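Have a look at the structure below before the remarks.
Chain IDs A, B, C, D and E follow the sequence of writing; residue 1 opens each chain.
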Amino acid sequence: MIELGFFYLFAVIALGAALGVILLKNPVAAAMLLVVTLCALAAEYVLLGAEFSAAIQVLVYAGAIVILFTFVIMLLNLGQEEVGQLMGVSKWALLFSLLTGAAIILIQRLSVGRLPEAALSTLGSDNVYEVGMALFTRYLWPFELASLLILLAVIASIVIAKKPTLPARDA
Amino acid sequence: MSSIIPIEHSLILAFLLFFIGAAGVLIRRNLITVLMSIELMLNSANLLFVAASRQVGNVDGQVMMSFVVVIAACEAAIGLAMVIAIFRRYGNIKTEFLRALRG
Amino acid sequence: MIWMVLAFPLLGALLNGFLLPRRSKFLSHGVAVAAVGSAFLCACSVFLDFFAARRPQLHFGFEWLRAGKFVAPFELAVDQLSGLMILIITGIGTLIHIYAGGYMKEEETTYRFFAYLNLFIFMMLLLVLGNNLLVMFVGWEGVGLCSYLLIGYWFQEEANAKAGMKAFLVNRIGDIGFLIGIFLTFRHFGTVSFTELSSWINLMTTLPDPYPKAIFWITLSFFIGACGKSAQLPLYVWLPDAMAGPTPVSALIHAATMVTAGIFMMTRMSFFYYAAPDTMLIVAFVGAFTALFAATIALVQTDIKKVLAYSTVSQLGYMVLACGVGAFDAGVFHLLTHACFKALLFLGAGSVIFAMHHEQDMRRMGGLRKHLPITHAVMLIGVLAIIGVPGFSGFFSKDEILWKAFIFPTYGPILWGVGFLAAGCTAFYMVRLLCLTFYGPSYQDPHAHHHHHEPHETPWYMWAPLVILAFLSVAVGYLGVPDFLAHLVGGRNLFASYLEGLVYIPTSARSAWTHLHAEHAHSLEWGLMLTSVAWVTLAAGTAVFCYVNRPVRGIAGFLGAHFPRVHQLLLDKYRVDECYQQKIVTPLAEISTFLWQLFDVRILNGCVNWVGYLLMGTSGIASFRMTGSLHRYGFWVLAGTVGILVFSCF
Amino acid sequence: MELPVLDETAVQIIATVVKFLVVLVAVLHIPPVMIWVERRAPALMQRRRGPNRVGFFRWRLWGLLQTLADAVKLIFKEESVPGSAYRGFFHLAPLIGLIPTLLFVSSIPFGPGIEIGGWKISLSVIELDIGALFILAVTGIGVYGVTLAGWASNGKFSLLGSLRASAQMISYEIPLGLSLIPLVLIYGSLNLQQLIYAQSVVWKWGIFLSPISFFIFLICMFAETNRAPFDLSEGESELVAGFHTEYGSAKFALFFLSEYVAMFALSCLCSVLFFGGWQIPFVSHALLVSLLGVNLAALVGVATLLLKAAFFMWLYVWVRWTLPRFRYDQLMNLGWKFLLPLGLANICVTALVLAVMGA
Amino acid sequence: MHPYLPVLIVLAVALVIGLVMSFLSAFFGPKVPSAVKQEVFECGVPELGSRERMSVRFYLTAILFILFDIETVFLYLWARTFKSLGWFGIVEIFVFVAILVAGYVYVLKRKALEWE
């Protein structure tokens, strides 16, 4: 039960911070709240028994990807005044309520007797080891392909970011 | 580690996160915030993977989650590179300047 | 092992073409030679395996194409014919590769040259090894492509590029024949595999009509293909122009291997040809007249490579003649001997050209014997071989063909007579070439900027292949000593018995070809042989008389003085090219232009433009929602998702 | 002493809070002592006296109270915030910098377990199976403190200083992470306490089994804390004081605190990874337990670890007064073009050697 | 006890103590604000603010950091499973590292890491 309580706590933190990410005008604040969301989700992973996922979440997601965001914000030196306002919000309220209702009903209907019972016993205690073995045996090719993907991303981002583009046409 | 968190909770949390992310993509005019909202959506998928992994009882979901992190890293890198390029070209990063698809 | 034969040249081509550093000529040469040399060793092993087993071997690679009933596996066959061919291709190929390293020493882009050359070897091997028409066709087109690339190797000069283009286009005509042949074959027999086709032909003996009309058309279509590739009348015109390529290319592709593909293909399908006597007659006449026609042109040519090119056309005519009279084994034997001595002659000519700093006009040569002793010696052997001096390889193979032509029941003596005349011409122009080049005083152009360079013998790795080829030009002849001669020493025609079982007459067609195995008086054979020896000696002697130690007049001067129009006609190569230009190319171009103007510009473009204008006019009505705002698009995507979600709840 | 009303969980929670408070009080004493050392040590090297006046009445205590006075003074200073600063982040940044370092230092196993009233209590506040990854993760989060401080101050020296400092920190995080992998390969665990147990005898110490790792780790220790000779971010001549130019009073003290805590934590980590942690060389822990009992032996262990860490703290000071400062391009080149390939090569060689020895 | 509970405890206690410490001077220190005091320190010259933009190299450094951060994480996974995987794992990880090193070499070749 304690775990469920913590689950709710972190869920609320994650959702609140996520709302902040999309509503705050200051991009650095948004980035920091994104870190909060990510860390709260990492806590949820720990509660779900996925230690390694939590570690990679904090290490790579919060520690590296958001750093990149922060750097770019500071690089472009985007102050508050450069951030555009929100687009029309009224239809979002409608959409949001509809979607929430639909999703909750759907999840409820789905979960009645359809989801498999949680098979906790088969998950061992040494999470890192198990993930490693799965990754390096069954997911061998995706793993190697992932490295290729990273390579391509690095090359592409350097090409895009380094090369000075044409002067503005109509801005 | 012993108590069970019902998967419905994770599903609803993931769904809400996804929606917040999607809303962020749609209502923000700042490209960087749009990218961050995409990260939120990816995270909701991650949460689903991890929850499903626990439900099914093997670590495949967690492996997929680490691949999603890799993809998110690549997406962020290229997306931000494009933000820089767009900034150089237009002098700002508001999305309403990107209207090449106008019919 | 058989796959290694194919893999090495391909690997060499890939390495030279894409992977290796391009600066080092030594490296690219070494890689190319190593690739072909290894392929040769593997081919030897394959051949010995086959020879020990004496049974055709099939090697299934993978299923390549499947469309309905049409199945084409990627399958290779090693039998008497392809086993011999891979030895010729890789063996002579290796020698020429070694030689080419010296010949191409001053080029900048040798890697390109050797990549093409290795690719050619690969394609040629594919052509001869394929066990069905499609694999053969891949090789067929592949060698055409390589030939085009190599003829145009010095593409900076427009003439070379045009020569390559011409070869490519003329070959296309033949290829269309080949393709139609494949289509017809599949339509009538439902397969393109040689082994299956051959068993089909045997089965057909039980049918009431043993010779369906289709076989005539099939064989004729394939023969058109062979005419294109093997430079027969009327499609021979590309081969003389192909001499624009580097000389090793001429030796390898346009003398020893690729141009014999037509003869190879007809031999491969000999069971078809035996079943189509009408086609055979056409084949025989085309071959015989090509042999004479090209030989007469060669009489007056002054470019050393052009002489050899026409000589090649003429010799190919002999081989086609052999096929036409049903003596496929004689044709293949001549193919073998010709590969040796013609490669030798071309490489020798290449050495001369190399020594003369790329001078090709024989009127500017002369007296080279003392400068190029080795080249002279091997060229002499080559000339003796080609003109058919007894004891040299050409003698055995050419006489066999003439003999088989003579005993051909329909118009046999006429065919023999044409071939006989051509043999005389051959002897004349080859001796003329030898005399103009190596004997007499030197006629080097004193104004050439490199006149202070004395011609000098080529380095060892250029003359060593020549010596080997010279040895082969003598030796291989003894593989095919005719039976009546061999019986004198108690032997028999080794080559014919080797090919036995490959070239066979379908049971149903036996009656038409009884003469091939009929008994003939030995006196007739002896008589014909001695006649041709005498005739060749006479022609050669005339040439020596005309050209040794004399100012360059000879027969050209004689003809020029007494029959100027004949001389001009020969110099103009019977004006075939001009005729093609006037009667075919120009009208075609005009029709094309007309159709282009009418259909493309008016009708097709008109329709397309009209549709476009219509759409442009009306699209504004539908595009008012396309604001270009990603937010809006995204909103509707999400709204759709919500709709599906809501819908799925109920 | 019997505590029958408490169950295991409650005891452990109380023990965690107590352990953390002890650690916190301990690390709060590090900056004053270290600053005193940093002023006395160069004085010693340069044959002058250094601070020696401030004392307690007539006991001067070698000036030990000078830094205490400094600290008190800092607290009683006025807090000035630049008008153009982003106020919220300006106040938050020192905290964001401090908390990860506290998490870091809490995950160090200071000694073997003790036993109080029958409850077994480990001597690390946080003990995780993925300890090494945890430390890397919190180090990564720590970068935000520096970045935010500079950005929130909204001054060009601060911003440039913070960007430089954070770029430097992330650049050296990679070799730091890579340098630990050979140890994981050798000892087969990510748990720090298990790493220590694996180094039970001297010749199994990390420094002997993977000296190159130690070399890389040592350099990264200096770079990660922005200490000399890598203190580019606060190069006075060009950037005034780097990312904390605008900070004063207690918040300045917090930056100081987190820097010294990080130094201490890294020193402890270095001892744990490469020098057998709390184990005394040549004396087995079992022997110690049989001689002194569990609790006393554990205290000896803690003292041993602190002694080892103290050496590295001294090394920090020593290096600072010995080596000149690097240039920024030299710094980045060292990290990316030397340490990174070296770390990768080290991993490859270690793996190959292990595989060959195993096969 | 959940092994991660101490993390939470440390976080909470540290947050409280940190907050207290950072507001010490707000309680004890004087408050005499003035316009000049609130200017950003720029060595005494009139204030310009931090409006100029920074070099794109910081961004490239961060890109490379992400690249190798991911690699490090996967290397940890591999190191943990090294004893079970043996040579197979070595080959696998070498391919992985080789591909990433190709990216590293590319970055070096493009001179993206040259600081002037």
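What we mean here is this: contacts are C-beta pairs under 8 Å (C-beta built on N, C-alpha and C of every residue); 3 or more make two chains touch, one makes a residue touch a chain.
Quick caveat: nothing in here was measured; it's all calculated off a predicted structure.
Counted as hops between touching chains, the shortest connection from chain C to chain D is 2. Of the two chain pairs examined here, B-C and A-C, the one linked by more C-beta pairs in contact is B-C. For chain E, the chain whose average C-alpha position is most distant is C. Relative to chain B, the most remote chain by averaged C-alpha coordinates is C. Between chain A and chain B, the centres computed from C-alpha atoms are 5 Å apart.
Chain centres here are Cα averages; for chain C and chain E they lie 69 Å apart.
In terms of their C-alpha centroids, the spacing between chain B and chain D amounts to 34 Å. If you average the CA atoms of chain B and of chain E, the two centres end up 21 Å from each other. Across the assembly, chain D contributes residues 128-129, 133, 136, 140, 159, 163, 167, 170, 190 that each touch 2 or more other chains.
For chain B, residues touching at least two other chains, in rising order: 1, 26-27, 66, 69-70, 73, 76-77, 80-81, 84, 95-96. For chain E, the set of residues that touch two or more other chains comprises 2, 4, 50, 52, 54, 56, 58-59, 62-66, 69-70, 73-74, 76, 80. Every pair of chains that touch is listed here: A-B, A-C, A-D, A-E, B-C, B-E, D-E. For chain A in complex with chain E, the touching residues are 3, 43, 46, 52, 55-56, 59-60, 63-65, 67-68, 71-72, 74-77, 128-129, 131-133, 135-137, 140, 143-144, 147-148, 150-151, 154-155, 157-158, 161-162. Chain contact summary for the complex, chain C toward chain A: residues 631, 635, 638-639, 642, 645-646, 648-649.
Chain D makes touch with chain E in their complex at residues 8-9, 12-13, 16-17, 20-21, 24, 74-85, 91, 94-95, 98-99, 102-103, 106, 125-129, 132-133, 136, 140, 153-160, 163, 167, 170-171, 173-174, 177-178, 181, 184-185, 188-190, 240, 245-246, 249-251, 253-254, 257, 328-329, 332-333, 336-337, 340, 344, 347-348, 351-352, 354-355, 358-359. If you check the complex, the residues on chain B that touch chain E are 1, 66, 69-70, 73, 76-77, 80-81, 84. Residues of chain D touching chain A in their complex: 86, 88-89, 128-130, 133-134, 136-141, 143-144, 147-148, 151, 159, 163, 166-167, 170, 190.
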